[in-house]
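Next up, some structures in structure tokens.
In what follows, subunit A forms one complex with subunit B and a second complex with subunit C.
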Partner chain A sequence: MSALTFTLKKDLIQKLDVSPLTPDLLADKTHAEIASTLLWYGKKQIAAGEAFAITGIDTNKIVFDQSTSKIDHIGTGLKTGKITVNGHAGAFLAFNMSNGNITVNGNVADFAASGMAGGLLQINGNVGDYLGAAIIGDRKGMKGGIVIVKGNAGERTGDQMRRGIILIEGNVGTYCASRMLAGTIGVLGNVGEYVGYGMRRGTLILTKTPKLHATIQDCGTHTLPFLSLMFKSFSDLPSKFAQMNQNRAQRFAGDISNDGKGEILVLR
Partner chain B sequence: MLIKLSGGKVYDPVHQVDGKVMDIYIRDGRIVSRPRDDETIDQTYNLNGKVVMAGAIDMHTHIGGGKVNIARMMLPEDHRADPSQHSALCRSGCGHAAPSTFTTGYRYAEMGYTAAFEPALSPVNARQSHLEMGDTPIIDKGGYAMIGSDDYFLRMLAAKKDQNAINDYVAWIMHASQAIGIKVVNPGGINAFKFNQRALDLDEQNSHYQVTPREVLKALSRAVHELRVPHPLHVHGNNLGVPGNMETTLKTMGASEGYPLHLTHIQFHSYGTEGDRKFSSGAAQIAEAINKNKHISADVGQILFNQTVTASGDNMRQFANSTLGSPRKSVIMDIECDSGCGVVPFKYKDQNFVNALQWAIGLEIFLLTDDPWRIFLTTDHPNGAPFTSYPHLIKLLMDKTFRNDMFTTLNLDAQAMSTLTSIDREYSLYDIAIMTRAGAAKLVGLHDRGHLGDGAGADITVYTDNPDREKMFEKPDYVFKDGQLVVKDGQVVKVTWGHTHTVKPEFDRGIEKDIKKYFDTYHTMSMENFKVSSDEIAEGGRGGIVVQACEGRREKSL
Partner chain C sequence: MIINGVQIDDTFAEAFNMRGTRVIITAQNHKWAYNAANAMTGFATSVIGCGVEAGIERELGPEETPDGRPGVAILMFAMGSSVLMKQLENRMGQTILTCPTAAAFSGIDGNERINLGKNLRFFGDGFQTSKQFGGKRYWRVPVMDGEFITEETTGMVRAVGGGNFLVLAASQPQALAACEAAIEAMRKIPNVIMPFPGGVVRSGSKVGSKYKTMFASTNDAFCPTLKGITDTQLSEDIESVMEIVIDGLTDKDIRKATYVGIKAACELGAENGIKRISAGNYGGKLGQFQFHLRDIMNDKSLSGESE
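On to the complex of A and B.
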């Protein structure tokens, strides 16, 4: 069966919220029903058929073609199935996603993986600010699952993140892991200033020593067996982290102005 | 322009009309008696078989002011989850528990309501409240100025100033904040909280001013009465939500020594301490006391199960409840050292013992209070539930079978503690018309609203009689506001702007000399800026001030 494909045909002026277009919400719907699904477009609602040319029948595999950064909320609340985005994705990608699989072959805007609780999100381009962070008004960010980013990530990555794994192959902006509550973030590139600002718990794995602020404390170099186990668990992931295997790291603890149970491990 | 509403079944308790089939005529926004035979009727609505009532009035609903805005800011998830679309007529908006201003107006009108009153208008925040209510379309509105914990008043009380001076201050506040009533929240308690008191009973002294809530209630209820303000002192009592607070409430009824009091959201003040969990219903005693004390009126503040947000001036009790918030966040704050505010989101659950019993207590009070002219239908929006759940509440009151079916789904321990199913009473349409129209208009002091007599403002709601009262009341066929058709089949068809109702009691302006000195010494703003003028409200063409006559309606008893 061919994947259910939404090819963008409308020149979007406003943001388009495609949260109703997920496998579990579209399961068992006819083509006409899918085309008449109402989507918020700015302050109005339009039918899905007005924005997209819709082809294919397999609702368990959804594809967005010609996608742009105006398309928000792709895969919101995703529970099952697979979504592929060819092009860019807007804000709130994989918002509150609990299971399933999303792949984006392009760049992603802010607040990706916010509230995500399970499943796999793979971003083959760059991602904006607030990856895995809590959206305004929520008190916790990402709560589980795995995010893989091939490119760079913006500021405040993992802000108030609660659980789960974010693996970034490129660079990350300022305030990485700020106010982090728990979880794991790995970065192969550089991180900006104020890494771990207000970090409460959680683990940040880096390959290069970043510029650290005063309330992050050096705890010396250690051999940590859990690192081998963790990298082994990454071995099936489509990421450069799958080839890594190191267990020696310089450990920094912080942010001691906020409990100080977080750790920044710089691999040696 | 002469409009005829032909052949509807009319419920107009002010004129003792109970379901009589009759015609109603509207001329230029006012209801008129039968015109001469030779006059031409411009438009006729055939309402055969339909139910006709005056527009409903919500006499206690938090729709404007600082705390509602805080609730909006604090609950973006509430707004995200409930967007409403922009149309050719209506602005877009959002929010379930704390809707945006425009959406509030549309939703009220679409439910057949034509007036709503903000009960906690903090005078220092009055401008903000009136601006927000100015953005609330279609419905009429007004506010009750919240005093009793402000330092100027407590200083007067502590200095044993004579009643005339207190009357002048109360009247000055009503003018300055463009209010139609006076409210007191946790009398003296908001102030006591700042002196580290975390509870205050009726006869307990404020540790700084050495005045008791009883003295506050007595002085204010007398002031309101002597100023001939129609709306009795609006009281949010001490010990809200505390098990055993029923005793405080019963004592509060006597605290005014016969001067009229309106006890608001009385459900939250009707708890006993019986049973294994030391939480029980005090509804029977409270209802009995309301029946007996003719100077008391009350609105219920019914809770209904769902997510909502509690917003109150009672920072003392909201601070105590802040750990119960769901989602767990809260704002407890002081407002310009003159008042307070607490906002705590809350989710009422039918399987929770306390919540289920609260639900039953509210309904027990509704059903055990005999006189519908002195008990009012509210959920204390949004504290008990959003106002959009009124049709559901009306069904609970009018349909015993439905009520008992709902009851059997509740927490079993709570069921065992309630006598709700033994009450057979069902409200009639006439009772509902009293509670939500005639009685409410009388209580607030809206002399030309809430009835369908000659000269009344043509605020009229037309329903299709449906045995399912929830369906009937959530979607009126027609709603007229000042004679203009604003809602048809539950949809807004015209957007108009309602009035702001106020009263302007007379007082000795000499008091301003002392108030000005106080403002110059202590306040962040000057006295002249504190005052909200009528012109400010009329600015922008979104409805102006209506000054209702200052004629007391309910006499002192005892």
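On to the complex of A and C.
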């Protein structure tokens, strides 16, 4: 069966919220029902058929073609199935996703993977600020699952992240892992200033020693067997992290102004 | 039934329902994995006095373990789930947590999960951290040699304990040689352990005793020095009897181990003083399983070596 494909045909001026277009919400719906699904477009609602040319029938595999950063909430609450985005994605990608698989062949805006609790999100381009962070008013960010970013990530990556794994092959902006509660973030490139600011628990894995503020303290270089366990679990992932197997790292602990149980591991 | 001059008695071993689990212990090298595993499975010969019966199942190469280090798989059996859980946690805390470089992981799936390192984490006094990879939760506990790693839980399955056979020989060295040959062959069978020292037990017991406080006492019918004064099971030419007890994950595993063990013992044959193979039972009244020796030795499907 061919994938259910939404090809953008409208020149979007406002943001378009496509949260109703997920495999579990569209399952068993006819083509006409899918086309008449109402989507918020700015402050009014429009039918999905007005924004997209809709082809294909397999609701378990959804494709957004010619997608732009005006399309928000792709894969919100995703529970099952696969979504592929060809082009860019807007804010709140994979918001509260609990399972399934999302791949974006382009760049992604802010608050991707916010509230994500399971599944796999693969971003083949860059991603904006607040990746895996909590939305305003929430006290916890990402709660599970795996996010792979091939490009760079913006500021506040993993802010208040609670659980799960974020693997970034490129660089990350300032305040990476700020106020992090738990979970794992890996960065192969550089990170900006104030890394681990207010970090409570959790692990940030880096390959280069960043500039650290005074409340993150050096605990020395160690061989950590859990790293072998972790990298082994990454071995099937479509990421450069799959080839890694170091288990020796310099351990910086902090932020001691906020309990200090977090760690920044710089691989040696 | 006679194999290579050795008589196989028309009798059966009586075995019981047990609860079992497998734990994978890894360390910097096999030497330290064995140090940990030997301690963890030490003093675990019989549920009567030790709570659990445990032993090393086999050695694991680095490619077979979760953390890519050399390891050892151990099996542990108990009569009930609560005893198994308690013993596992106690033994983990005193032997794996304490052993340099050692780590412990679940070695078996199962609907029922029991604590492996779940409560040991509190040794970390707040510095412990949890990590979840591939749907499994691990604990990292800071210790003086670095970090102690353990999986949170392991699986618990229904298992079988108390499979056995007796080797009756013309002398003590000959009985021991036959048992050593049997154990060497049986250790290649997966899913079983022989919990007694070196896999062999010399103090087989009967139910009851002349002393009120004793539930079990020496099996005088098989004691060679009492041949003249008890209702003996031994003929004149038998001077020593030794037993091999087998615990396994399934009755099929025990059948296979019994077959391989008896075959190896019989290969020494009558010319090496091996006279008879028998088995221990309670008249079939107590155990849920019966392993009839002649059935097992006639079962051609068991002749394949380890899986």
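The rule we apply is simple: the second predicted complex is superposed on the first by the 268 of 268 C-alpha atoms of A that agree within 3 Å, B and C clash if a C-alpha of one lies under 4 Å from a C-alpha of the other, contacts with A are read in each partner's own complex, and residues count from 1 in each chain.
What we mean here is this: contacts are C-beta pairs under 8 Å (C-beta built on N, C-alpha and C of every residue); 3 or more make two chains touch, one makes a residue touch a chain.
Computed from a predicted model, the values in this text were never measured in an experiment.
After superposition on subunit A, the partners subunit B and subunit C are seen to fit next to each other with no clash.
Taking subunit A as the reference, the larger set of touched residues comes from C, when subunit B and subunit C are compared. Subunit B and subunit C, viewed from the C-alpha centre of subunit A in the overlaid structures, lie at an angle of 110 degrees when rounded to the nearest 10. By the document's definition of touching, neither partner reaches A:Thr59: not subunit B, not subunit C. When both complexes are overlaid on chain A, the residue A:Gln45 reaches subunit B alone and has no touch with subunit C.
When the two complexes are overlaid on their common chain A, residue A:Gly137 makes contact with subunit B while staying clear of subunit C.
In the superposition on chain A, A:Ser67 makes contact with neither subunit B nor subunit C. Judged by the touch definition given at the top, the superposed model places A:His222 against subunit C, while subunit B stays out of reach. Once both structures are fitted on chain A, no C-alpha atom of subunit B lies closer than 24 Å to one of subunit C.
Residues common to the contacts of subunit A with subunit B and with subunit C across the two structures: none.
Looking at the complex, you find that subunit C touches subunit A at residues 66-69, 103, 126-127, 129-134, 138, 140, 146-147, 149. Only residues 74-77, 83, 85-86, 92, 327-329 of subunit B touch subunit A when the two sit together in their complex. Within the complex formed with subunit C, the residues of subunit A that make contact are 144, 163, 165, 182, 184, 201, 203, 222-226, 228-230, 232-233, 245, 261, 263.
The touching residues of subunit A, when paired with subunit B in their complex, are 40, 42-45, 135-139.
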